[in-house]
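Quick one: this structure, given as structure tokens, is what I'll be asking you about.
Per-chain residue numbering starts at 1, and chain names A, B, C and D are given in the order in which the chains are listed.
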Amino acid sequence: MTVEELSAFLDATFPAETRPSLGEIVGIAPGSVRMSLQPTANMLRPGGIVSGPTLMALVDVAAYAAIAAHHGPEPMAVTNALSITFLRACKVEPIMADAHILKLGRRLATIDVRIWQGAEDRLIAQSTVGYALP
Amino acid sequence: MTVEELSAFLDATFPAETRPSLGEIVGIAPGSVRMSLQPTANMLRPGGIVSGPTLMALVDVAAYAAIAAHHGPEPMAVTNALSITFLRACKVEPIMADAHILKLGRRLATIDVRIWQGAEDRLIAQSTVGYALP
Amino acid sequence: MTVEELSAFLDATFPAETRPSLGEIVGIAPGSVRMSLQPTANMLRPGGIVSGPTLMALVDVAAYAAIAAHHGPEPMAVTNALSITFLRACKVEPIMADAHILKLGRRLATIDVRIWQGAEDRLIAQSTVGYALP
Amino acid sequence: MTVEELSAFLDATFPAETRPSLGEIVGIAPGSVRMSLQPTANMLRPGGIVSGPTLMALVDVAAYAAIAAHHGPEPMAVTNALSITFLRACKVEPIMADAHILKLGRRLATIDVRIWQGAEDRLIAQSTVGYALP
């Protein structure tokens, strides 16, 4: 899939109202997908930082996009489990999410997603996501 | 804190735009808080079920509310880690979230949050959330 | 299954050398199993407390026992994912593990395991374990 | 720290009886530590594969070693939370564990640990470990 095809798949899959809060595809590589999100005021929490749920939604969609790009556009893949560790406060600056497939099995896919700002090793959060494949 | 006080704290803490998607306080008991959420169209994902990010946001706010109710209204508590397992598809029906404090330490609080529909033992998701206290 | 039958299943399943470090079945109830473990010197870590790996092994076997007691003695059930939060130091005193089945599906079982000492609400650790059923 | 110094620290820290089951340090690099473990009969579970608790113990010690190598030999660092996903059956062959520090804060360290066999991208398990620093 190309970036355009994957973007179109996400556009068709999520409600138009929520789609903008889920970020944009910026790159696809073997086993991985990169997304970016520009935070807006409704994503903030006390302290003027980006909220955890905003980042969890980005993690979830990035994992979903990685499966779509490598397994095929499968709208019915559902999150089975997700664990996330928050490492630094997320500023109101562009947010990057790199999703790497750790294992693509027949029934389960496991994806590592790293959220960063400014530089790839300045991690904001790390998450491991399991998706059940239909 | 009363249900009204805790609701007012959440209203004051989250952006007005996102507040409705975070549910309502319906009860406070020693060590726990119960919330409910009526899903809306923008919370759906393919299959016509409520999305994982909607449930993760509800889990996060329920844990936050449990800390506020038992530790005091502390807007600066931040999620440190969250792990969630999705157990059943979440239907477009009222969603309940029960947050129980497992340990309220000086620097870290750990909360068990269970999402259910219809009956307390018909679990939709179970989550364990760690919050860092300032 | 009775406590004796479940104990015999565990004895037959694990190597004789490691079996003692995995605790004893002390009770079976609908949806749950209770185990206990008396810690020994080789289970300690710096600080004179019981090590994390000792508790993780106990969590894993308690979840396995809960599946055996409720789904049938299935030696080939394998751990798919485990997340654990350590809440208090574990003393050199009897350790209790309560495993409750959250969902027993066709292909996946999810079990909540709580480790405690002294009183049921004095939690040492909480864990959520996913097992793949063959 | 050198491989020899880090090995000596682990030897001094863990009970002599359990030390051999925790593997050997094979390399130290900026931000990471590599360990290896040769499985033995008492580490097996039904199916003739290496047990989950064996791998969780290896993950835990590899994270501990990574902290010791980069923060200093701190015996009192304690595991705060650990989440692990098992990706493939672990064969009775040498097991490698690569621990990378994601964030070394003042009070908390977060470490990504990957268990593999045969090739770095043939992952057996991925784990994220949080350690509380004293």
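Please note the rule applied: a contact is a pair of C-beta atoms (placed from the backbone, for glycine too) under 8 Å apart; a residue touches a chain by one contact, two chains touch by 3 or more.
Remember, it's a predicted structure, so these values are computed and weren't measured experimentally.
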Set of chains adjacent to chain B and to chain C: A, D
Furthest chain, CA centroid comparison against chain A: C
Shared interface numbering between chain D and chain A [over half = same, under half = different]: same
Equivalent interface to A-B, taken from C-D, A-C or B-C so that over half of the residue contact pairs match: C-D
Where chain C and chain D are represented by their mean Cα positions, the distance between them in whole Å: 22
Whole-Å gap between the CA centroids of chain B and chain D: 34
Intercentroid distance (Cα basis), chain D paired with chain A, Å: 28
Junction residues of chain B, two or more chains touched: 80-81, 83, 85, 130
Parts of chain B lying in touch with chain D, wherever the complex brings them together: 80-81, 83, 107-108, 130
Sites on chain D touched by chain C in the complex: 13-15, 17-18, 41-47, 51-53, 56-57, 60-61, 75-76, 78-86, 89
Residues of chain B defined as touching chain C within the complex: 81, 83, 85, 87-88, 102-103, 110, 112, 123, 126, 128, 130
